[in-house]
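The letters A, B and C name the chains in turn, as written, and every chain counts its residues from 1.
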Amino acid sequence: MPQPSDQHRMKGRVRSARPAVAAAVAAGLVLAATGCGSGSGSGSGSKASGGPVNLTYRIWDSTQQTGMQHIVDAFQQANPNIHVRIELVANKEYWTKLQADATAGSAPDVFWMNGPNAQLYESNKQLLALSSNVLKQNGVDLANYPAALNQLYNLGGTQYGIPKDFDTVGLWYNKKLFDAAGLKYPDASWTWQDVQNAAKKLTDASKGQYGILAPPYGQENYYDTIFQAGGYVIAPGGKSSGYAKPEAQAGLKFWSDLVKDGYSPSLKSMTDTFAAQQFESGKIGMYYAGSWNCMEFSKSDTIKDSVDVAVLPQGVKKATVIHGLANVGYAKTKHPAEVEKFLAFLGSKQANEIEAKDSGVIPAYNGTQQAWVASFPNFHVQSYLDELPYAVAYPTSKNTSAWQNQEAAVLAPAWDGGEDIGTAAQQLATMMNTALSKEQ
Amino acid sequence: MPDLASSRRPRSGERGRLIATHTVLIVGGLVMLGPFVWELLTSLKPFGETTQNPPTILPHHWQLSNYSKVFQSLPFGRQFLNTVVMTVGRTLAQLVFCSMAGYAFARMRFRGANVLFGLFLSVLMVPGLLFLIPQYVLLERLGWLNTMQGLIVPGMFSAFGVFLLRQVFMAMPYETEEAARIDGANPFQIFWRIMLPLARPGLAALAILSALSAWNDLMFPLVVTTDPNKMTLSAGLATLQGEHFTDYSVLMAGALMATAPMIVVFLVLQKQFVQGIAFTGSKG
Amino acid sequence: MAAKIQQAPRTLTATRSPHRERVRRCRNRSEHAWAYLMIAPVTIGLGLFYLWPIVQTFYYSFTQSGPFGGHQWIGAANYRALAHDSSVTQSALNTVFYTVLQLAGIPLAVFVAALLNQRGLRGRSVYRVIYFLPVVTMPVAAAMVWRWMYQGDNGIINHLLSGFGIAGPHWVSDPSTAMYALAAVGIWMAFGTNLVIFLAGLQGIPAEYYEAAKVDGASATRTFFRITVPMLTPSIFFATVLTVINSLQLFDLVYMMMGTPSDATGQSNPAMPHVQTIASLFYEKAFIEHDTGFGAAVAFVLVAFILLVTVVQFRLQKKWVHYA
């Protein structure tokens, strides 16, 4: 069943994968079967001495639950003394709930972490530090994962998470519409100018057809173009905003102009109906979409035979945002040794291979990604991996959501056509600098 | 307008007015019912049809399977049971606790009564969201997360309930009470045997209001439970939205199913509902 | 609900007879004990789950708080910052505006109640059931349905409007309509409650008043404004207090209708600045931006405001409410 991919992007990125009914059903069955449901978190575990140890592993994506369960099964087979229970929390309330849990001192033993929240939990001592000794003992070598991902979960030289998967952004296009307009398909040589030209030619308002979708999303849209223009969102060191710089404003203007010129549906329209879903209607020429959309597009009867994906067009230079989740341990877990063992297994080649096959996300372990590519024979999803050499880490700080929340609020009026994008960017820079100064 | 004219048979002017009245009421009624009708129609359409532009009014293809999809996505029966248990548990407890306290505040004198009562009333002024994390932390300390008592206990006490029943007891005559007192009954016996039965309309009103709010409670069950088998219907419905956001046909089917039990109860007990709410109004 | 808050103590003292006073005195001690026993469960429960959290949060509002606890006293700094924060002012205005719109539902309910109360009207109970139905509907379900109907491109409302040649807006993402769209849902959900309160009030108006008006040859409109409305003022007062308290705390509808699973607070919705209420701002500050102390201060501004408005309402009631 078609689902919008964006549903899993919470405020400021977050992985995602689109729910498929089959997976949701499986999830329900698994939960029904395992529904022990004692108190949550570390509190429920038995003492390490003697008997088996119970761990709770919390995730938010129902479509990945089957895959995660397969990994847990493999882990339990190798470690019969450790029992892991998967706990699925609704996406929208995941962070509210985790905050409540951490406040109460009862977060789950192991859980998913994303870039925007990583430093918040790390700097507030909520995550289990993984010293190089611990990593070595458990056979983890960080060199097996893309450096940009390790960096997202490293604060002040200490590693807190082991990368689980990653996503980059690609340019999806509708071949039918391109053919009808007599346009060449996008390729690695494309520039911003090519996108603008194509968007113009593909737009036919009378038919409700638009050249491109330009929603105000950071990860899939303006962060990429800001990096491509040679700008940055947050200065190295994390102390100041890059929005006042002309490069960043160029990156924003690229998108707001597409909306202003009428080559994209209005922001109001994209608020009502998710962008990915609009793309699936077959009336949109181009769409910058994260790798997590592949599964959904491959299932959509309307577009699965008429769309494909290329690398992102370049501005001043080539760039794409890379973000990935990590598995992390809770600082106050009662079973740190078992948690470390489980974390190491989640980061292992074996687990990543299962993930590539069953979860629909790109696994983080280098060399396991081809299984993911092979699972989408109809699309050139290799594009997502081709971008790795110039991928830029998702911008984060100690309290990322404090300024990201304002990003959306400040930029919305500019996207909606009322306000000048330069003014909005200046305003955003000021607000973001205030938020960043509070973090110190 | 109220018209108590003596003639039984409507005169022609009166009939015209009645027709106009019905017209207005029917139009208003359509507005009130419209969303339910649309909910029902949407729940019977295949997904593809819901995203069509322009929308179809009646489904071209009737699809009942949206309802079975809800059953597949949620442990619906289990959540229904949870909701019933939670609603009944909270409501009964509120009736007992609030009537005892309401009686004490209305008829007994004790040090600190006014201060305490004022504090209770202050709870009504505070947005419910504020209690979320403190209550969560407390429940965690008690080890009650993901448990039935965790869902029920914080909802067993209601400042509004105390206030409402205090008003009820205050309006009652003193004589019956005096007689019992002279017979040597203690205050609790007087309350339990004599006054409580007299307070029946007030109790019914509180029962209805507290059942409604328990049934519809969203944020609290959502945060206190993570296990779908321990969730209530409203929380389960919210997770359905998370997973199937744009499959409006399944969402509407779920929304209808979650709402239906309370609507059935209302249709059966409509007199009690209406009197209960009206009673609250007159006691306020 | 709150109509007798202030009269309460007066009633207690005024009706005490000398005889009872005597009886009371000698029973005082045991009665004290019984009273404390009877209020004990509620006092413990409310104290633990409600009053203590209020005290805690009030303390947090004077601290710089981390998202996971850890509080540092900073005096009134949060309140000072709040006074200069334009989003607080804006959401306060939004909240008041929403409340005003909700109050517009009251005359509407009075009018419908009067229509329903006409003698000789058939189908009264059917109408009553229909108008009351939204009250028993789960708000989260209702919000989903309305959001679906409000869709700009293929929603049913705009489809129906297009039949009249009107191109409807994107109701919940258009800054100029979003608040009205939300308020309409609020009125729809509360209408039945108000209606039933007024119907009960109407039944309490003595028939002689209407007979007298009839004899005087008063028109229906005149009767409505000279008899029905004044006699209904106690019910109207009650409904007003209830509506105001509920509306000022508005959060659910904003949370359920403006946001999406991908965007919990709806910040990327261009209409959000015009719909943000104080309670939803509290959620955003405390839960999204992790500024618990500031969030707590925002919440207490709301509490103070509700308190103030409620007190003013009771003060003003003497001016317009007629108790029989």
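Worth pointing out:
Note that in this section a residue touches a chain if its C-beta (ideal position, glycine included) is under 8 Å from a C-beta of that chain, and two chains touch if they have at least 3 such contacts.
Please read these numbers as outputs of a predicted model, since none were measured by experiment.
If touching chains are joined by edges, the resulting network of the protein chains shown connects every chain directly with every other. A count of contacting C-beta pairs for B-C and for A-B identifies B-C as the more extensively joined pair.
Subunit A and subunit B have Cα centroids separated by 39 Å. Subunit B and subunit C have centres, each the mean of its CA atoms, that are 15 Å apart. Looking at subunit A, residues 7, 90-93, 96, 99, 103, 273-274 sit in touch with two or more other chains. Touching two or more other chains at once are residues 153, 155, 260-261 of subunit C. Each of the following residues of subunit B touches two or more other chains: 51, 53, 133, 238, 241-242, 245. For subunit A in complex with subunit B, the touching residues are 1-4, 7, 19, 21, 24-25, 28, 31-32, 35, 37-40, 43, 58, 62, 87-93, 96-97, 99-101, 103-106, 208, 273-274, 277, 281. Contacts from subunit B toward subunit C in the complex involve residues 1-5, 10, 14, 17-18, 21-22, 24-25, 28-29, 31-36, 38-39, 42, 51-55, 57, 96-98, 100-101, 103-106, 108-111, 113-114, 116-117, 119-131, 133-135, 138, 153-154, 156-157, 159-160, 162-164, 166-167, 170, 174, 178, 181, 186-188, 191, 212, 215-216, 218, 233-234, 237-238, 241-242, 245, 248, 251-252, 255-256, 258-259, 262-263, 265-267, 270, 273-274, 277-284. Subunit C makes touch with subunit A in their complex at residues 66-70, 150-153, 155, 169-170, 172-175, 259-265, 267-273, 284, 287-291. Residues 1-5, 8-9, 11-12, 15, 20, 23-24, 27-28, 30-32, 34-39, 41-43, 45-46, 48-54, 56-57, 112, 114-121, 123, 125, 127-142, 144-146, 148-149, 153-156, 159, 162, 188, 191-193, 196-197, 199-202, 204-205, 207, 210-211, 214, 220-221, 223-224, 228, 235, 238-239, 241-242, 245, 249, 251-252, 260-261, 279, 282-283, 286, 296, 299, 302-303, 306-307, 310 of subunit C are the ones touching subunit B in the complex.
Across the interface of their complex, subunit C is touched by residues 6-11, 90-93, 95-96, 99, 102-103, 120, 124, 126, 215-217, 266-269, 271-274, 399, 401-402, 405-406, 408-409, 411-413, 415-416, 435, 438 of subunit A.
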